[in-house]
Every structure is written in structure tokens, then in C-alpha cells.
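Listed next: structures, encoded as C-alpha cells.
What follows is subunit A paired twice: with subunit B in the first complex and subunit C in the second.
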Partner chain A sequence: MKLLFKLAARNLIGAGRRTWLNVIVLSFSFIIIIWHKGILNGWESQAKNDMTEWETGGGQYWQSVYDPFDPFSLTEAHSAIPADMDSACSKGNMASILVTQGTIYPGGRIQSILIKGINSNQKVLKIPGALFESDSSEIPAIIGSRMAADNRLKTGDLITLRWRDKNGTFDAGEMKIIGIFNTNVPMIDAGQIWLPLDHLQKMMGMPGEATILVCKKDSKVIASDAGWNFKSTELLQKSVSDMIKMKSVSGAVLYLILMSLAMLAIFDTQVLSIFRRQKEIGTYIALGMTRFQVVGLFTIEGSLNSVLAAILAAIYGIPLLALQASKGMSFPGGSKDFGIVMADKIYPSYSLELIGITILFIMITTTIVSYLPSRRIAKMNPTEALRGKLQ
Partner chain B sequence: MRKIIIPLLLLCFSLNAQNPSAKDILDKIDKNMSSESRIFTSKMVIHNKRNTRTVESKSWSKGEKKSFSEYLSPPREQGTKMLKLDDQLWIFSPSTDRIIQISGHMLRQSVMGSDLSYEDMMEDPHLLNHYTGKIDGEEKLGDRTCWIISLTATSVDVAYQSQKLWVDKDRYIPLKKELYAKSGMLLKRMELSDVIQIQGRWFPKRILFKDVLKEGEGTEFIIGDIQFNAEIPEYILSKASLKK
Partner chain C sequence: MENSKIISIEGLKKTFSTTGGKFTALNGINLEFGKGEFTGVVGPSGSGKTTLLNIIGSLDSPSEGKAIVLGKSIGELNVKQSAMLRRSQLGFIFQSYNLLPVYTVFENVEFPLLLLNMNDGQRKKMVLDSLEWLGLTDKIKSMPSQLSGGECQRVAIARAMVKKPEIVLADEPTANLDAANSHHILKSMVQLNKEFNTTFIFATHDDKVIGYLHRKISLVDGKVAKDEITNN
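For the complex of A and B:
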């Protein structure tokens, strides 16, 4: 076996330019597959981390009627916070959010929005509730940068807010933008405003009531109370997982093209080798090698391409990928408006598992592709092969 | 004694006839403006910042809770139908051949960019059922002398907690209406004109709605033909009629 490897390596290196062309193409596949997967992994972990910090926390309790995809549910989706959850809120282990609908009139235009109230002293989410500590006579509100950009609003602006209280009666008042926060999570930014919870409860006539209770990350889950349903972080972040899964599938098309090019090159090289090296094959057999040992030799020769490609990819790829991992990858400004959680810069994440699986995948594929044309050797007549007669 | 009391009583009656109470006025307004049922054609002229659009429709309504409208023009909206039963509204769009349901807050959205919400367009509330009134004074609107009446809601579940009406003293028709939020902020203004007599009642054929919080010149609602207390077959006010 050792002899086969030695012989295969010498033959491969001896093939010169042909081998290096194959190796270079295959090394590109290595780098691009690892880089693309790394970007997706980095995006997923950043998005989930941002969602945990800004939106989902360590899971949420939803008022039983609440359905974020059904605006009809919002008028009924509120009820008194149960005592144990209220105590968790006071201890800082939970944040309570009341959600309702309203209308703002920025610059004389009419715009439907979600009004969300959150307790100002909460530390569960990164929403800067501390900004509410202002003694303004108007309704104090904070908004996200997307909402500010979409409606051309800035800190200190006064706009009219119209809403309906729990009885359906119209009410309106002047609202002051007291702060603008920057987040990568559009679900808590676009088309919504944040008010102090007690202020919103008063406006709506719903004292002590909430729609969503957000648990602190890694805090113990309270047994689900009647009227409140627990939603785990995994469930709340499922949209991100699904999106990345979908992106991975579409990325597989790219891998397929790259791998096809590399494998086609290896397949051609193998076919050509078997055709041109018939005398050599005959000599091996004449010297006592079995046909299957010769098939093995040619297969090892082909699969060694992937080993050389892995080494070459490591030489130029490690510095390149490391540089990208430290500098990150910027996306165009407009990509924020797609409504998906995406940071300004994505830092790729390359795990050992990712690198290992990629190497294994390429090696196995190369070995299979190298073996397929080599099978012809087993059917060769050694005497005629020795003569160099075409078979 | 009798010589004094009888003329005094007569004087009181005649004064009462000249200055009816706010309740009497509201009652008379309801008699003019509301009906058990009505069928009418209308034109909605929406004055936007950039352009003006006209939407024509035919409507059937019964009481305060049930109404059905079908858009007749422009071609893009032709065939669109709206059905309101209680606080739920269904819209049928012929281009998609689908019925969508609108309820809750979405009923307060503007209809086709106008100053009217779905609720404003399809509701016909009796003032006396929801408000108590107080006469604040008199004012001339054009050549008509009007009472200024402040309305305060009698229950907490009324859309507008207070309203202000300018009521024509001779015809018992509001010529101007202001609708206020609970906080007292003015939300909408309506100007009613082209008052004509139909089936023994006075009725305004043109209403200019203005959402005062929004820029623009408002939306004109012009009534064409109208029939009060007309017989409306039950199937018209049902979901089955949306796709017919």
C-alpha cells in the first residue's frame, strides 16, 4: 500500500503542468465552498445573536390571542400580567411589552404604525428604555433608524399620533421623538414606535396589561400561565434558520458548478492517463501487480489531486479567509431594507467542522471520479497492454 | 290670576317652539339624515397632493350595522365590492377574484387614499343613540343661521368622544361638523352642502370630508340618486353577493 502511494505521488508530480492545473481548480473549490459556508454561518450566528439581544431574549410569553401575522388579533391581544411574571419583571428577569396600532402624520402624510410600550427600566432587551427618562409634556417616543429614515424623522421632532383606546374611541396627541436607536433587527424598527409602558397603558386604558413578556437570556422559564403561551428562542428565530437553510441550498448550485469543473478536469486526466499509459499498466501487471492494485494506483493518483489541492488552498486560503474573518464583509446600504436581520458587516465564521466536512466531501468526490475511469483497467488484456495496443 | 297664568304659559310654549332643546334638534337631524334603509349612488372625489381621482359607487345600507357598496368606476376599481356587517368588512376585488376581510384597526384606514375611513364611509349612526347635546350659541354659515351644538358621547365606546355641529335652524341639517379625539384634538371636519328636499326630508347631497391632521384638500362625497327606507333584499347584505 505504501508503495502504491509512493508510486502514485511520483506519477502525479511527474505529470507536471496537467496536475497543477487540476490542483489549482480544485483548490478554488475548497476556498469558495469554505468561504461561502463561512459567510452564511457568520450571518446566522450574528443574526440570532442580534435577535436575542433586541427582540426575542431567552424566549417570550405571548398573550393567547396575540398573533404577529394577524393584525386583527391586536385589539384583543392584551391582558393583566400574571403575578409571578410581574415579579420577574420587577426583578429584571423579564420585560413586558404592550402592542397596539395607531397612525402618525409625519409631514402631513398618514402612516399606519405599531405602537409598542416597554418598561423603561428593563435590561432584558437592548431597546434603550433609559431614554424615556425625560420630562416632556408630549408623548415620549423612541424609534429605530429605519423608521426615522422612512419617515424623515429626527430626535426632537414633534408629530401627531392618533390611536384608539380599549373602547375603540379615537384619541390623539403630540408625540416627541426623544431618541433614535440603531439596530440590525427590522422586526423592532420598521413601521413602529416605542413608548414607556406605563404611558401606553394609560393612553389605552389598560393598566397593568401587556401583550408580550420577554424572558432574560438563559433565565429559568416560568411554567406557562393560563392565557399566556411560551415561545422558545428556537421557534422565534426559526425565520433566520429557514432563510439560511434556503441560502445554503441555493449556494449548493454554486458548489455543484465549481465541483463539476474540477471533477471534469480530473475525469479527463484519468481517461487520458489510462489511454496513454497502457504499456505502463501492462508492465505493472507483468511485474506481479494484480489488476485491482493497478486500478487502486490510478484511483490514488486521482484522489491525491484533492490532497495537493487542500495543501495549496491552505497556503493561499488561510491568510485570505483569516483577513476576511477579521475585517468582515460589508453589504450595500440598501440591503438593510429587505426586512431581514443583517448587520452592516458580516464576519464569516469558519468552524473546524465546516473545514473538515468540506475536505472530506471533496476528497470522497475526487476519489469516486478518479475510480470511475480506472475500472477500465480491470478489463484490459495485460499482453496487449504491454504491447501498447489500443483496447 | 288666570289672566296672568294663561298668557305666561302661551309665552313659554311659543319660546320653546322657537328655541328647541338640543335633544329635539338632534332628533330632527336624525329624522333627516338617518333612515331604516337607503339605496344611493355616489361619487367620491379625492383631492390628493398631486392629483384628483373620482370613484363612483352604488350602496345599499340597512340600519347602523349593515351596508354593501359596489364600485362602478374608474375601470380599475369597477366591480370591487364591500360588505360591512357589524364591525367586520369584506372586500371583493375582481382582479384577484378574492374576498379579503378587514376588521379592527384596518377599518380606520383611508379608503383609496381619501379622507374617509371604511367606517366613515359605511356607518350611519343615529346621533341621539350615542350623544347628548348642548347648544353653545348661534352663527351664520353663508346665508344660513345655525345653532352651534356640542355633542358629548353617552358611552365610552363611541369613535368620537365629542363633536361640534353647526345646524341649519330652518332645515335641521348640520352644515358643518367637527369630530374630536378624547384629548380634545380636532381630527376631522365635514362641510355639508347642496341641501335638497327628498321624500319629505332635508338632505345634503355634497359632503366635504377633511382629515385635518393630513395634508390635502379633502375628499368630496357627492350623492347622486338616493332612496330612503327602500326595500333591500336580504341576499344583497350577505357575503354571497360579493362574488355575484
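For the complex of A and C:
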């Protein structure tokens, strides 16, 4: 086997330009597959991290009626915060959020929104509650940059806010935008405004009540209390995981095209080699190699393309990928409005597992593609091969 | 010099299927070859010379009859056994040299020894010895494409001789060479035959080769027409 590897390497290097063309094409596949997967991995980890910091925390307790996909449930989706959870909120291990519906009238237009109240001193989420601590006779509100852009709102703007309290009575007041925050998580930004929790509780007539209780990241989950259901981070971030998975599948089409090109080149080279090198094959057999050894030699020759490609890819790919991992990759400004969690800059994440699996995948595929045409050698008549006669 | 019989052929027949029906290349050959012979199988094209050499070299098998080479019946050897026979005890020289194009002269000659799993030191010595017999020590690092036809054939002889095989089978070794190179090559082979008592069997219709043979077997239409000892 060692001899076959040695001979195969010698033959491969000796083939010169033909080998290097295959190797270059294959090395592109290595780099693009690793890069693309790295971008997706980076995106996923950044998105999940952003969601944890801005939205989901270390898991959430939902008031049992609360269903984010059913706006009609919101009128009932509130209840008093249980004592142990209230204590966790006071200690900074939880943040309580009250959710209700409302309407704003920016620039004379009517706009339905979600009103969310959050403790101004909470540190569980990155929502800047500290901004609430400004003196204002109006209802103080902070909004995300998407909400501000969609409604052409800016800090200091006054707009009318209308809501229904717990008895179903409509009420309205002047709301002042006291701050605009930037976040990559559209789920806490678009179509919603954030008020101080106590203010909203007062507006709604729901003192001490909340809809969602967000746990601090890595904090111990408190046993589920009656009327409150725990939702894990995995569950809350499932939509992002599913989306990345879907992107991975669509990325597989790209890999398939790339790999097909590279494999076609190798398959072609193998077929051509077997036709062009009939005399050589006959000579190997005459010198004492078995036909199966020659099949092995040609298969190894073909699969060594992937080894050379991995080496070449490492030479130019490691600096390139490392540079991108440190500088990140900017996405067009419009990507903010896609409604998906996506940072302005994505930093690709390359794991050893990703690199290992990619190399293994390409090597196995190359070996199979090299073996298929080489099987022909086993059926060759050595005397005809020695004469270089096509078989 | 010539002694024990190392090749014994009895009633050897070889037929090939062709588009026009069956073609009989060898038709009941009976021959024996002794150790150290310098023999030529001569005859016109299509007389069965190469087929006979291929069967002796275990590259092909008889359709009928027996070919026993170094005590092994060629028709009964499996793929691995015939490869082992070629690897260890047979050397081949071809009309078109069949050197491996991406290997240097040294590597080409070294190749049969690599298949025998010889250690580096021993291998190097044997390759250098072989190249020295053929006067190729200054071409060690050359590629086959940089050599003349005569030099290529000398490399091929060095490759066939490097493992000191019992039998060397040479199929039209001078067909692509001019007269001067042919004589040079043949003299080298005569010398190696004398020095190592290696059996040389040629398939040829070249008069220059015939002039060096000790025994000449004439084949016509797959049959032995004449088997004579020459005065060379």
C-alpha cells in the first residue's frame, strides 16, 4: 500500500499541469464549502447570541394564555407575578414584560402596534431601560431603529397612543419617544414600543402583572408555577435554527455544483489517463503488479488530487479565511429589513469539525469518482494494453 | 553453460476470437528451453512469436496444452501467482521500451525492486550495478523523454536485468533501433547472458538479432517449422 501511495504521488506530480488544474478546481471547492458553512455557522451563533441578549434571555415563562401568534389572546394574557419570580426579578435574575396591543398615529396615519412594558432597572436583556429614567409628563417610550425608520420617528417626537385597559375601556395619551436603540433582533423592534413596566401596568390597571418573565442567561430555572409555562431558549430560537438549516440545504446546491465540476474534472482525467496510459498499465502488469494493484494505483492517484487540493487550499485558504473571520463580512443595508436576525457584519465561524467533515467528504467523493473509471483496468487484457491497443 | 530445462511447452494451442471467427495463433507447440539459453523465436508477422512470449511470460494463458515455466504451469496460475512469477523471476524488454514516462532512469530501473520490497541500500546498489552494466551511470537523473532510442532500450534492459531474473523475454527489442544501436544492445545482452547465465528468449524477425542467437526457432502459422542450434 505504501508503495502504491509512493507511486501514485510520483505519477500525479509527474502529470504536471493536468494534475494542478484538477487540484486548483478542487481546492476552490474546499474553500468555498468551508467559507459558506463558516458564514452560516457564524450567522447562526451571532443570531442566537443576539436573540439571547435582546429577546429570549436564558428562557422565558409565558403566562398560560399568551400566544404570540394570536393577538386576540393578549387581552387575557396577563396575571400577577408569582412571589418567587418577583423576588428573582428584584434580584436581577429575571425581567418581567407586560404585553398589550395599542395604536399610534404617526404623521396622521394609524398604526397598530404592540406595547411592551419592561422594568427600567432590568439587566437581563439589553433593552436600554435606563432611558426611561428621564422626567417626562408624557408617556415615555423607547423604540428600535426599524420601528423609527418605518414610522419616521425620532427621539423627542410626540405621538398619540391609544390602548384599551383591562376593562376594555379605550384610553389615549401623548407618548414621547425618549430613545431609539439599535438591535439586530427585529422581533423586539418592528411594530412595537417599549414603556416602563410600572407605567404600562398603571395604564392598563394591572399592577404587579406581567405576560412574559425572562430568565437571566445561564440562570437556574425556577420550577414552573401554575399559570406560567416555561419556554426554553432552544424552543424560542428554533425559528432561527430552522432558517439556518434551510439555508444550509440551499447551500448544498452550491456545494453540489462545485463538487460536480471538480469531480467531473477528476473523472475525465481518470478516463483519459486510462485510455492514454494503456501501455503504462500493461507495463505495470508485466513488471509484476496485479491488475487490482494497478486499479488501486489509479484510484489512489485520483484521490490524491484531494490531498493536494487540501494542502493547496490550506496554503491560500487559511490566511483568506482567517482574515475574513477577523474582519467579518458586511451585508447590504437592506438586509436589516428582511425580518431575520442578522448582524450588520457576520463573522464566519470555522470549527475543526466543519473542516474535518468537509475534507473527509471531498476525499471520499474523490476516491469514489477515481475508482469508478479505474475498475476498467481490472477487465483489461495486459497483452493488448502493452501494445497500447484501446480496449 | 546451458543446463536444466526451465521452460517446457507441450501441445500448446492459443486461439483468439475475432470478428471474422476464431484465429489460431499457436497450434500445437512443443518446445523446451534450458537455463542460460540465448534463443530467438523468428518468423513473419502473425506467426505467433509474441503470443508464445506472452504465454511464457504469464501475461496470457494457453487455450490448450501446457506451458510450464520454472516449474509452474502457466494455465493454472491465478492472477496473484502469475504476477508473483513475473515480479520475481521474469524480465521483459519491449519493442517500444515501455519506460514509465514520469520516472527518471534511476526510478525506472528501481521499479521492479520496489515491487519486491527490497530495502533502500540494497535497492540502490542493485540499480547502480545494473546501470553500470549498460553504461548508463551518467543518465541516472534523466527522464526517458531526454534519451535516444538506444539509450531508452538500454534502460529497459537494465530494468529487466536489475533483479537478476531467471528468464528475460525480449519482444522485437531492436525493431526501433538503427544498426549501430542494435549491435550495442545485443552485445550487452550477450554479455549479461554469459555473466549471469540468464535465459534470453527473443521474438524477432531482425537479421541482426538472428546473428547473435545460439538457437533459432522458426514459427510459421503458429507451428514450429524449424528448431536449430546456430554457430554463434
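By our rule, the second predicted complex is superposed on the first by the 391 of 391 C-alpha atoms of A that agree within 3 Å, B and C clash if a C-alpha of one lies under 4 Å from a C-alpha of the other, contacts with A are read in each partner's own complex, and residues count from 1 in each chain.
FYI, a residue touches a chain if its C-beta (ideal position, glycine included) is under 8 Å from a C-beta of that chain, and two chains touch if they have at least 3 such contacts.
The model shown is predicted, which means the values in this text are computed figures rather than measured ones.
By the touch criterion stated above, A:3 is placed in contact with subunit C alone, subunit B being left untouched.
Of the two partner chains, subunit C is the only one touched by A:279; subunit B is not.
Contacts of A:289 after superposition: subunit C is touched, whereas subunit B is not reached.
When the two structures are aligned on the shared chain, A:14 is found in touch with subunit C, with no touch to subunit B. In the superposition on chain A, A:109 makes contact with subunit B only, while subunit C stays out of contact range. In the superposed pair of complexes, A:165 makes contact with subunit B only, with no contact to subunit C.
Shared-chain residue A:386: touches subunit C; no touch with subunit B.
For the contact definition in use here, the subunit B contact set and the subunit C contact set of subunit A share no residue. If you check the complex, the residues on subunit A that touch subunit C are 3, 6-7, 10-11, 13-15, 279-280, 282-283, 285-293, 381-383, 386, 388.
Remark: subunit C residues 50-51, 54, 57, 59-60, 79-80, 83-84, 86-88, 92, 94, 96, 98, 100-103, 107, 111-112, 114-117, 159 touch subunit A in the complex. For subunit B in complex with subunit A, the touching residues are 101, 103-106, 108-110, 153, 156-161, 179, 181-183, 185, 187, 211, 213-216. Listed in rising order, the residues of subunit A touching subunit B in the complex are 71-72, 74-75, 101, 103, 105, 107-110, 112, 160, 162, 164-165, 167-173.
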